[in-house]
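Alright, structures below, take your time with them.
Two complexes are shown next, each including chain A; its partner changes from chain B in the first to chain C in the second.
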Partner chain A sequence: MNARPDVPAPDEPAGVTTTGPLLEMSGLTVRFSSPAGEVHAVEDVSISIARNEAVGIVGESGSGKTVTCMSMMWLLPSPPARYVSGRINFDGEALPRTDERRIRRVRGAGIGMVFQNARLSFDPAYRLGSQIAEALRVHGAGRWGDVEGRVLETLRYCNIADPESVLRQFPHEVSGGVAQRVSIALALLIRPKLLIADEPTTALDLLSQLEVLSLLERVRREMSSSLVLVSHDLNVVRRIADRVIIMYAGRVVEEGPVEDIFAHPQHPYTQGLLASAAQRTERGRLYELPGQPPDLAALPPGCSFRPRCARAFARCNHMPPLYATAPGRHCRCFLLDPRGADD
Partner chain B sequence: MTDEPFVSFDAVSVIYKRRRPRVDLVALDNLTFDVVRGRSVGIIGDSGSGKSTICRVAEGLVRPSSGRVLHDGTDMSRASARMWREARRHVALVFQDTLGSFNPMRPVLDSVGMPLLGYGDPTTAELRDAVGAVMEQVGLSPSQMTRYPHEFSGGQIQRLAIARALVTGPRLVLLDEPVSALDVSIRAQVLNLLSDLAASLDLTYLVISSDPGVPRHLTSEMLVLYDGRIVERAPTEVLFTRPLHPYTVSLLALHDAALGERIGHLADLRERDGITAQTGLVSVAPGHLVDMRPFPIPAGWSGGRAHAGLSPAGAGTQEYQRIENTTGTET
Partner chain C sequence: MSTVGAPTRRPKLPDARHLHPSGSAPKSSFQQGLASLVADRSAMIGLIVLLIAVGAAIFAPWIAPYDPNAGEGAAILAPPLSPGHLLGADQQGRDILSRILFGARLAFPEAMIPVAAAAIAGTILGLLGGFFKGIVGEIIMRSLDVLFAIPMVLLAIAIATTLGSGLPTVILSMAVVITPYIARVVATTTAQIRSAPFVDAARCAGFSEWRILRREILPHVIPSVVVYGTTNMGAMVVFAAGFGFLGLGAPPPAADWGAMISDGMKSLGSAPWVSTMPGIAIVAVSLAFNYLGDGLRVALDPRLRNRR
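On to the complex of A and B.
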């Protein structure tokens, strides 16, 4: 193996380490129009991600978790998405939605993304190697001859046994697990400060899930980048994240350190979700969360979880704010009102 | 009816011939098991382990390359299409992609009632009665039968699929990933429904899933499938409390982080006399069989580690081989 060519990573203007959060999203509201009415996909979501932190975003389908993380680098085309409000600060600088040039620079170099179906995120008509080369060229990493060694090394790092032959293959010729690992490798080659992984294990069989999870964990440990992991699977999030954000019907309903949330969930939805996921039984029957997931085009007034909540009371006809309930913990429920629930 | 098993697999292998590469694909490798009345069976394994092929073979959609499939004790190897049709009346199937199995252009009445058209010539009124009855059984209002598939939520579509399976009055229902397409908060609703139906309609299930939690509350026995063969088989609660095969342990650990380091349980085998690295399944306890062949564990596999962090690659392999050596020297 030839020595690793010393290619400077594109985004290491040495010495410029800012303190404060790496990414700060405030007041994001995203809507879509549909024949059934306006879909309130994300309502007033504020998320802050610290340097070196792994944050899990948990929610069921329609909770707004994917729209939220796609918006972290303004990835949703508008229209159809309608950004009603929302500001993003990345790495200490404002990232306005209209600043195309800066957004392009941040995508990939600053924020990398791994999608649920990795195979679909590659162009089926080109070999994997040429797609990696193109991405590296766009981000100014240099010509293929200069970076080839680093590419092979990174692929091996991602548990790809025979990277030379994978580079010659087309996306349809590799398994889903390999495609996912190639896309993680690609994200790593550009060395983003923040890696967003949207349901990275959902489309995979269990063996590949384990491989991808252990790889993500290793990436975070060794590359000291921040990680946002979006998943509906609480076990996956628990395994990797430091902090977890629970979303329901487009809003953050609870957030806090991962072990705190799992040990003492505060929001009735989180409690129900954990009980369902853990398959808790009562007299031989599984605990079940009643009702249906909400229709985002016709949300009930007040708390969106109210129709499914066993503990709802009169006050829940209004939308509760996100109360700070303990250090680092927030919960959107009147039961957690520090001034008393029956106000 | 007789006491014969509803469905028996007797040394069933399914081999698909492939042109490129010119290596035959062994989908099922010498599989033997019975499903008897009232004792539902769960089969867990990864994609590609042959789970769905089992369904197809049981329904006669795929013929075994060798071995026999028996329905009620009758060898179906040379069964006619008519015999299969009669057998399918008692063995219904709930598919994985449920929305895709409903005709989007027709009201759900047509799709749910469709299986009845294979048996006799029901009138429209008879169809509506039968469909209304099964819709009630699965917790839907019969008045919804004239609606179209897109008007139902994911959980309701799954209920409709179950209703369609029940419409011919089966005794055995094959459930292929019955809840994997559903949200976490909806899964328990459907699993409880299935468990209620098993009791009220005297149904037996063959539950196939890549998520071990799905068959857990529906079955009395579990088979773990890897690469077309059974690597472990045990009563359901035994499998969850005392899994032995490294593959089973890893499947369960991913499903339930709290399971901890169960891989050590294989060490228990050392205490048993006479176990060497034999080929095939070895009985370790009543009804509990484990495949003792060396098992290749892919790199990056965590073994039974909980969420606190993943163990280095290959830890499980070492444990398994160490046990093999010790059992070898002890005997």
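On to the complex of A and C.
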């Protein structure tokens, strides 16, 4: 990678008006109805994201990561999704689900999103350039002639060598890595206060993964925006995030500063997750977390992780609360009960 | 919001001509589609047949050898290829070629106006019904289901007999009958596309629902409407002929292909050409529409056309 050009169009630093957390989500519960019964996708999730903070959300598929992220700007269509409860405060203001005008203002300008499969997140009917132009127009950025220079510069900043020709291409004509970098560039052009990247590297080959990751790192360092990085890859999260939230079966099971969690995982699930992410155990074999995540339409009573947990005991027939175990750390496990595990 | 009302024309993009050593710019989507259509032999045959038929309709008064409604005693039931009557004559001695040429002036509007009207109505209903899941969508889709439950021909005849026979009635009742079909095609496509990742992406870029409907959904729906409409135009030519055959179309002296077949029925044993000639015209035009429709289906789908 060569010496990068200046960050295009440096605006005044984002969000100087308020000092509280940038996004505060409390008590989010989302369910879907399915033939198999009601799917409890997300249960009572509360997340707070500070300004300039990078938060990683980690979990298996179906743990509610994506539903949580999409709900940060009420993006799930309802029906089929049913928002049972949950409140959101963004940038110091309540963001009720019924206030469509405000939600639309927050989308894009306040919260931007980068999707797992960037190629599919562009409309196949239009050239990439047209779509960037349209998105900028929606946000009042002016006509193409006024923004063209900035667009080209931002694309180059995102390691796209030949932005002029990429703009003329259709989404299916570019590679997944290029599409992902274009979508990051688009998010940068709109300059959201919070950028959500939902598994941004999962659909890419190894080289593109590295490139997108270092781009995200750079974005985070230089753009002074908050970042939510959703991934099932702990190493990706470790590289970028300040704080990590571990989700299991629709609930937050552990959260804390990223190095703390890696050094001292508290929840048995996190311990299993880290063990399976480690290269090898002492005996030279890969560790595998036994069992399957539960069916979200038929959750077992009590702790959702109980059926897979080697350390489960009698109390686990009840759902443990999220205990505050140390400054900034929370864990949903009776083993961490400050009053003693066998209470 | 002023930005939403901004002109919908796409901005001019940087010219990439210098990237191509030959000096030619890459082909636009439209050019690629056109090239695919031109390369499709059966679509081209269909197009040529239709152009000839449309030409015949337009220029009928000048190229038809006889007045289509004036009988000639000496020519009654003249067989095809008889002197002066290339395709023969009917029971009243009217020249069949002239009647077929003039019949085209009825057949095209009878097929195209209802399809065009239904395409507009069906697209609007289908977009709304497929996109807005909820009361609005349910009401639209259930009302369309009611129309589906009644057989097409029966419904059309019911409307036509209620309003009285004549060309406007035929056109109106056919439009009503086709609308649910187009609406269903549009609703299905809309329902598929509304859950596509790029619609989510547009939504989270702050696009309003109407803008998503117009900019992200409509462009994907139009090709299916065009294809469905063109392919069905063939069926509509037959359908309209059916109306004429049943005597519900344009009133008697008019040269209507369906009515001509019906007239010829009485002498089908002795003079089969009276019915057969307009029948051939109907088949040719309707097949031509089908071939063209198939070609358009390929040409309008970037993935299909590149595979050829």
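Methods note: the second predicted complex is superposed on the first by the 321 of 343 C-alpha atoms of A that agree within 3 Å, B and C clash if a C-alpha of one lies under 4 Å from a C-alpha of the other, contacts with A are read in each partner's own complex, and residues count from 1 in each chain.
Methods note: contacts are C-beta pairs under 8 Å (C-beta built on N, C-alpha and C of every residue); 3 or more make two chains touch, one makes a residue touch a chain.
Note that the structure is a prediction, hence the values are computed from the model and not measured.
Chain B versus chain C on the shared chain A, clash or fit?
Here chain B and chain C can both sit on chain A without a clash.
Which angle, in steps of 10°, is spanned at chain A by chain B and chain C when each chain is reduced to its C-alpha centre?
80
Now for A:Leu289: first (chain B), second (chain C), both, or neither, which partner does it touch?
first
First (chain B), second (chain C), both or neither: which does A:His232 touch?
first
For A:Met319, using the defined touch cut-off, is the partner it touches chain B, chain C, both, or neither? Pick first, second, both or neither.
So A:Met319 meets neither chain B nor chain C here.
Under the stated touch criterion, which partner chain does A:Ser214 make contact with: chain B (first), chain C (second), both, or neither?
first
Applying the document's definition of touch, where does A:Val84 land relative to chain B and chain C: first, second, both, or neither?
neither
Does the superposition put A:Met223 against chain B (first), chain C (second), both, or neither?
In the superposition, A:Met223 contacts neither chain B nor chain C.
Check the contacts made with chain A and report whether chain B or chain C touches more of its residues.
Here the partner covering more residues of chain A is C.
Kindly classify A:Phe170 by the partners it touches after superposition: chain B alone (first), chain C alone (second), both, or neither?
Touch status of A:Phe170: second partner only.
With both complexes placed on chain A, how many Å separate the closest C-alpha atoms of chain B and chain C?
Nearest C-alpha atoms of the two chains are 11 Å apart.
Of all the chain A residues, which ones make contact with chain B and with chain C?
Of chain A, no residue contacts chain B in one complex and chain C in the other.
Within the complex, which stretch of chain B touches chain A?
Touching chain A from chain B are residues 46-48, 153-155, 183-189, 191-192, 195, 210, 213, 216-217, 250-251, 254-257, 298-302, 307, 309-310, 313.
Touching chain B in the complex: which residues of chain A?
60-61, 159, 161, 205-207, 209-211, 213-215, 217, 232-235, 238-239, 272-273, 276-279, 281, 284-290, 292-293
Considering only the defined contacts, which chain C positions touch chain A in the complex?
My answer: residues 2-4, 6, 10-14, 16, 19, 26, 29, 133-134, 194-198, 200-208, 211, 215-216, 219-220, 302-303.
What does chain A use to touch chain C in their complex?
Contact set of chain A toward chain C: 70, 73, 75, 77, 79, 104-109, 111-113, 115, 117, 120-127, 129-130, 133-135, 137-140, 143-145, 148, 152, 162, 164-165, 167-168, 170, 172, 183, 186, 190.
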